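Quick one: the structure is below, questions incoming.
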Amino acid sequence: MPRLDMPLPELTQYRPAVSEPADFDAFWQRTLAESRLHPDEPRLTRVDSPLSEVEVYDVTFNGFAGDPVKAWFMLPVDRAGFLPARLPAVVEYNGYGGGRGFPHEHLGWVASGYAYLFMDTRGQGSGWGSGGDTADPHGSGPAGSGFMTRGIQSPDDYYYRRVFTDAVRAIDAVRTLDRVDPERVTVCGGSQGGGIAIAAAALSTGLVAAMPEVPFLCHFERAVGMTGNDPYQEVVRYLAVHRDEVEQTFATLSYFDGVNFAKRATAPALFSVGLLDPVCPPSTVFAAHNHWAADADIEVYPFNEHEGGQGHHFVRQAAWLARQLAG
Amino acid sequence: MPRLDMPLPELTQYRPAVSEPADFDAFWQRTLAESRLHPDEPRLTRVDSPLSEVEVYDVTFNGFAGDPVKAWFMLPVDRAGFLPARLPAVVEYNGYGGGRGFPHEHLGWVASGYAYLFMDTRGQGSGWGSGGDTADPHGSGPAGSGFMTRGIQSPDDYYYRRVFTDAVRAIDAVRTLDRVDPERVTVCGGSQGGGIAIAAAALSTGLVAAMPEVPFLCHFERAVGMTGNDPYQEVVRYLAVHRDEVEQTFATLSYFDGVNFAKRATAPALFSVGLLDPVCPPSTVFAAHNHWAADADIEVYPFNEHEGGQGHHFVRQAAWLARQLAG
Amino acid sequence: MPRLDMPLPELTQYRPAVSEPADFDAFWQRTLAESRLHPDEPRLTRVDSPLSEVEVYDVTFNGFAGDPVKAWFMLPVDRAGFLPARLPAVVEYNGYGGGRGFPHEHLGWVASGYAYLFMDTRGQGSGWGSGGDTADPHGSGPAGSGFMTRGIQSPDDYYYRRVFTDAVRAIDAVRTLDRVDPERVTVCGGSQGGGIAIAAAALSTGLVAAMPEVPFLCHFERAVGMTGNDPYQEVVRYLAVHRDEVEQTFATLSYFDGVNFAKRATAPALFSVGLLDPVCPPSTVFAAHNHWAADADIEVYPFNEHEGGQGHHFVRQAAWLARQLAG
Amino acid sequence: MPRLDMPLPELTQYRPAVSEPADFDAFWQRTLAESRLHPDEPRLTRVDSPLSEVEVYDVTFNGFAGDPVKAWFMLPVDRAGFLPARLPAVVEYNGYGGGRGFPHEHLGWVASGYAYLFMDTRGQGSGWGSGGDTADPHGSGPAGSGFMTRGIQSPDDYYYRRVFTDAVRAIDAVRTLDRVDPERVTVCGGSQGGGIAIAAAALSTGLVAAMPEVPFLCHFERAVGMTGNDPYQEVVRYLAVHRDEVEQTFATLSYFDGVNFAKRATAPALFSVGLLDPVCPPSTVFAAHNHWAADADIEVYPFNEHEGGQGHHFVRQAAWLARQLAG
Amino acid sequence: MPRLDMPLPELTQYRPAVSEPADFDAFWQRTLAESRLHPDEPRLTRVDSPLSEVEVYDVTFNGFAGDPVKAWFMLPVDRAGFLPARLPAVVEYNGYGGGRGFPHEHLGWVASGYAYLFMDTRGQGSGWGSGGDTADPHGSGPAGSGFMTRGIQSPDDYYYRRVFTDAVRAIDAVRTLDRVDPERVTVCGGSQGGGIAIAAAALSTGLVAAMPEVPFLCHFERAVGMTGNDPYQEVVRYLAVHRDEVEQTFATLSYFDGVNFAKRATAPALFSVGLLDPVCPPSTVFAAHNHWAADADIEVYPFNEHEGGQGHHFVRQAAWLARQLAG
Amino acid sequence: MPRLDMPLPELTQYRPAVSEPADFDAFWQRTLAESRLHPDEPRLTRVDSPLSEVEVYDVTFNGFAGDPVKAWFMLPVDRAGFLPARLPAVVEYNGYGGGRGFPHEHLGWVASGYAYLFMDTRGQGSGWGSGGDTADPHGSGPAGSGFMTRGIQSPDDYYYRRVFTDAVRAIDAVRTLDRVDPERVTVCGGSQGGGIAIAAAALSTGLVAAMPEVPFLCHFERAVGMTGNDPYQEVVRYLAVHRDEVEQTFATLSYFDGVNFAKRATAPALFSVGLLDPVCPPSTVFAAHNHWAADADIEVYPFNEHEGGQGHHFVRQAAWLARQLAG
């Protein structure tokens, strides 16, 4: 894909006005309060895996409406007690369509000495990879293929209300675990996982850091119709049919816009962006980064598309996060 | 698309063995019995439309689990009582992803003097056309984009269990209407609509005829993996992730295979098929046609893909149906 | 397709200068005068169709050079004389590559109580749909595939000279019919049909209204080379070969530019436009709309491509046209 | 493109039955006789070109119905009379959509010491290359884009009736020229040009040789629907619309099938074929080769698509033709 | 991609004759002997990485012609000496176009308690992922884009002669390391890495096992031209230009065909195959598996393309390898 | 492709600043000086070809590092001594991926009375056409498919250092030939050949003219990332993997940028450009043209893509070159 967005100097200054509903905070307070009526403590089962050097647990925690949500929780095996009693933790959210797969597919942070929780995304997990295990027991009104337009007729019914709530509840859950230091929890994720991380960071308190990579779900008013690629294009296709619902659709989406969450962020953040990204156009990423209410860095990958920094970026994240924890 | 299936002489003889679960009939009897605990009678509202020559009603009937399902019901305006008191009726089901749209988009059968009901497909109606109005209030386990794999983990939860039940209930509903002759009801539809018509014909009694065009949802064991096109390819993508669920997936699908319904058909049928159809390969259509337990004709369109006979086929259907009603 | 043209506020102000030949009016006066040497009255044959509620006539009228051009003419069956003796009429032109097909494919206006004529496009009717029946007995110089470059070496020989003349003569013909009110004729059509409707509206007198949808054949100097999609791209391919004919080609096209016809319009118009239309880019549609010399409205479909408003737009057209006729 | 046709051993034996109309010979005798009422002698004009080493003439000869058809005629400049008074001649026909372009684009045979005539294809010459100069003054009934379906409603009106007649008349014309030895004329061409060469070879007498490369227009009953590529696909699209004209269409095409011409060939032939050719599938080429009634060789390019042997093949043709002329 | 190869029952029996040069063994003995003139011992440098739980070494060993080849060598950190002094080792080769990237991208086997070496592929490492670090200092004759045709004019110059030799030398190198048990070395890899693993297994002695996934570089005579996908298609493109080199090209490739290596295998193998794989068609994988001269299992992924089993397959490999080591 | 670059009036004024290394001239002086240590005189062998009217020689000359480079040298056969003793010469370079092929594929300039040398491009000649014959005996560090990134880690190792040197040495070689007038040598070529011609023109002295068509290898800082097409996209893919090498990569490329060569040109030039060219965007061509230090014309083809002017342009080149030689 050739360059399709503003030049970098404009991107770094791009801080657009984004629609924000008057009851944004009330909506989320109510939403979280209702879900927090269910217990925080997850159910953990030790998993027998080939990973002799890793303790692996199959986790079920209470998500939106108390729905059971699956995750993997992992720690380095510590045969002789060399590691601290409580470890800093990283909570990761997944990209669009993927499932939690297998524990051996998520080893980077554990091998770096962190406690680590990888959350399954409800209803997803059948598009690529090794599969998901979490149902989304809520139906929807008429919707296109994909998850982007399920329940888009109202903020209460919208799919990502449930997912973002799950994400906050995953943080709640991990903080209850013996081996986790609840004061040193970081969230991360790429693409959809980055969008979820942004929301979770804004809706939680006391996080050490957030590390959204090439985040999705930011600045819908620009993204929808700017790129012809899914998943944003799912909204275009929906509106191409539901020609009378343009206003309501964007009203719903404004409750879920990463930019509105960024304005409420309290933890420092490390973003990444690919300047040739045709899936999550760079201006939509910078919109969230430039509105981030706490400290924010961004790694710019000038010749990458949506894959962003990949392995290179993990190295940068690990160093940056070590500095945050040291700081 | 070039030819991709057997030559026509083989197709006309193709009558494959297709997996059939032992409790196929029990499953559907139980399913329909449960849904028939809800009343048959639909709610009708006269609609104000530009169609001065057509009586148009917005219909809501009780579908699977009593869920409200929308439809349009239409009759020729009969200002001076020239038409019979009760008209023969045509019930039509829609193609994949479409919604009931507007009444003026469904005028052929009404202009030909039939009472006509067009059923919305639950949850769909956002992929093309003018939109749907029917929710599917049931969630699902992990599933791919699209509707093909929702609830595919078991026959009880599978999406098409709800849709096929809706389709039978639409027939039940139309038969309660004053202006409809309940002994002269025909079902039709193209692609997904054809697959639904096949199921509805097998699960209902006393229909005059069924007219499935280029039907989808037939002979899954051949179709899935034979064509790379959606919606069959949705199942391929699901199984490409859920590598351990091949057996269960086809076990579920066997309850919904048009071939198994065809074996139970009691009304005469007029099929159509496009010999270059890369979406619903001809052999899968002939599999249903050749297993049809009652009289069955098929119009072969040798150089058409999935569009099949389009306007040409309506002319043939109208003549064929007139003969059935006359006969 | 992502957005590819100006933002809406600029589009609504976009009123470009477009080349207009000095003898534009003389050219068309001469052209029409020559064709009007042939009689106006069409030949009508009642057609036996399944449409019991519609009177259907197979029409042949004298088009350009008196060439026979086919059409369907339809009226609501009026068994008891409830309808007025003369009905308002709608004349519709077809999209690129399509034929008149079957009467049952054109029921919206008849079901709404109008007399209705659907004109076949000479030489076309083999690209999609159910087929055309009208020859174009005129050959051409070297030309690409498609119709866009046939005879493009001079305005006299250009293919659309014949088509636009046919379109005017279709109006002439429908006005001669007993059941039609010649003072209440409206023209419409989508894409190529919209472009023809614009020309026919400008070249006829006394029309009630024109309703071009997502019109093609407007503002060639911008459209050719701006979009890579056919049919405009046919001209690009022609000029990519005939590198010395750029000037002559656009000189020819200037006699057929919808913008030049719009400047001469006398009837009110309802346009439509899809803001993501990659076939007929929005600015080319707005160019015609903004130059329209009579009253003009436009329905904007912000997330549609070339399909525009489809069923939604018919509802808006029907209401708008009723207001024009009432007005 | 991967392999899509029979393995080579089967191809070399493939000699299918192909429909042949009873009046095939009568049709072509009548056709040629009518066109031969016009004079054979072409009009030649010496052309001023940069080609100092080549005599170049702009040729106009009488084609079908006496229509003027353009060609280039070229000879090596022979400043001192070293060359024979009469040279052997090569007549070449062009691929689909191309025009005669410029003389400097056709230098191979002239540089090899032949008199050379390159025929423009009527109506074509706007699809690729440098342009054509020959009109096709005959219109047609409804037809798709492209040339394949123009007049396909009857053999008399079919486009290739005119083109094949032009091709025979080009041979007649070149034989009248002073510098050409009329007993030593060879025809050649690639793709459409190969198909024309086959027809011209069968419809002419006394040729030295024919050299069709990857010929098009052979074995329509197999080719149409076997490959999804144009131009054969043009016929598929036509029949996908004109669903009732399958029989008539193939009846027309049988008068133009290269296999039926091959059965009547009297000159030796050198064919070529690309075994991965998705445009003119190898079996259709072998069908013509294997039916060739005179001696026939074929160069097989096992890993080429429709480009066939290109520069490699010219070397083989030149050597083969030299042997034919020497023999 | 739809199914493109034989049905599974035929695949499991498919054991084709494949060309084998008379001096195959001599060629490889000479090749290895020459490279083994350079020392076996690699140069290791401890790497500072975020991976606190893994010992990471940057390795340089002597490959073909003594050229320096890079690798990563990794072990679990063993703070208290719980692990055995010498670990079983896994040597992995990479897919086409990829580089060794970062250590954190290769954690599965280390986390499972193995010593692990990941070899860089010379000259590659710029197509995807995080980059390679190994030059290929040998030029080539005319070649297409990609690596498949470099030096294909003779076995001595062919690119994969160097790569396969590197692969054998990687095994030699890892066996010299203190922490590795030289009697318990296993090779693995996917796609190109699978093809390399097959060659390395046949050219080495005393391996515990080989685990090629969806291997490339097998049964060239079938693969080249059967699939239109790279990298096999690189050979097609080469031969489409070098039309006279077909025989020589396949003669060269026969020295590198995985089937010929399989015939010489001495270690047990676990293959994998995707039945919809359009890159390495299943029959080419089964050809190698079915010719494997030692015990061989194969995991069949019926609905996967070239991605094969991914995370699922690692689980199966880990269990299978544990059994081999236990056995 | 639709328009993708600036409007023509801006293009004609576009004269961007382009990075130029301080030692640009020193680098090339050193490079050429080293290669000129090898003799200038080529080895010529008369070739037996079908081209009776052309003297054809197979040429081998000493290129970069004295590596043998192949070419064709051709003259008109001059049986009676009508031509001058020494002819003006044209040296042509080839497009990306092509080889010198056959002599009969390069006849235009010879037929126009010029001595003509067509240089093979080292290592290339396997991508299209009839094949190349010149090895590139130099290996490289990690590189992508294609030639664009071979040795891109430093100017000394970069592939085009060798190619540009070959191009200069081809001029040196042709000037040694008896039949060539060394004062009247012109360079030309299209795409890559145009880029090479620009470099060769700047690095040679005393040329009559340069005629680069749609030149590649100009203004890398804009081209790389502006178009998504190869070969520029090869650099994007490289940098998408080697994320840390952006600066070094563009530093290397600055030694090879056509704009920097244009600034040093001394011979008049005729450029060509296609305004819809998605491979070598028009602004990159104009950047070189507008910086050309001597007289420069440009033929603009407004509706062409990368094919540019083709046969039309040869006519214009021939006339322009005749004027240069006459002047």
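Per-chain residue numbering starts at 1, and chain names A, B, C, D, E and F are given in the order in which the chains are listed.
Everything below uses one rule, namely that a residue touches a chain if its C-beta (ideal position, glycine included) is under 8 Å from a C-beta of that chain, and two chains touch if they have at least 3 such contacts.
To keep track of the chains, here are their UniProt names: A, B, C, D, E, F = Acetylxylan esterase.
Fair warning: this is a prediction, and the values are worked out from it, not measured in the lab.
Among the remaining chains, those touching subunit B (Acetylxylan esterase) as well as subunit F (Acetylxylan esterase) are A, C, D, E. Superposing subunit A (Acetylxylan esterase) on subunit F (Acetylxylan esterase) by their CA atoms means rotating through 120 degrees, a value rounded to the nearest 5. Each chain gets a centre from the mean of its Cα atoms; the one farthest from the centre of subunit E (Acetylxylan esterase) is C. With centres computed as the average of Cα coordinates, no chain lies farther from subunit A (Acetylxylan esterase) than D. A separation of 63 Å divides the Cα centre of subunit A (Acetylxylan esterase) from that of subunit D (Acetylxylan esterase). Annotation: 40 Å between the Cα-based centres of subunit E (Acetylxylan esterase) and subunit F (Acetylxylan esterase). If you average the CA atoms of subunit A (Acetylxylan esterase) and of subunit E (Acetylxylan esterase), the two centres end up 36 Å from each other. Centroid to centroid, with C-alpha atoms defining each point, subunit B (Acetylxylan esterase) and subunit E (Acetylxylan esterase) lie 51 Å apart.
Among all residues of subunit B (Acetylxylan esterase), those that touch two or more other chains are 129-130, 243, 312.
Pairs of chains meeting the touch criterion are A-B, A-C, A-E, A-F, B-C, B-D, B-E, C-D, C-F, D-E, D-F, E-F. Chain contact summary for the complex, subunit C (Acetylxylan esterase) toward subunit F (Acetylxylan esterase): residues 4, 224-228, 236, 239-240, 243-244, 246. Chain contact summary for the complex, subunit C (Acetylxylan esterase) toward subunit B (Acetylxylan esterase): residues 49-54, 76, 79-80, 82, 101-102, 104-105, 107-108, 110-113, 129-130, 310-312, 314-315, 318-319, 322.
The part of subunit A (Acetylxylan esterase) that touches subunit B (Acetylxylan esterase) in the complex is made up of residues 97, 99, 123-147, 149, 237-238, 241-243.
On the side of subunit C (Acetylxylan esterase), the complex with subunit A (Acetylxylan esterase) involves touching residues 1-3, 275-276, 301-305, 307, 309, 312.
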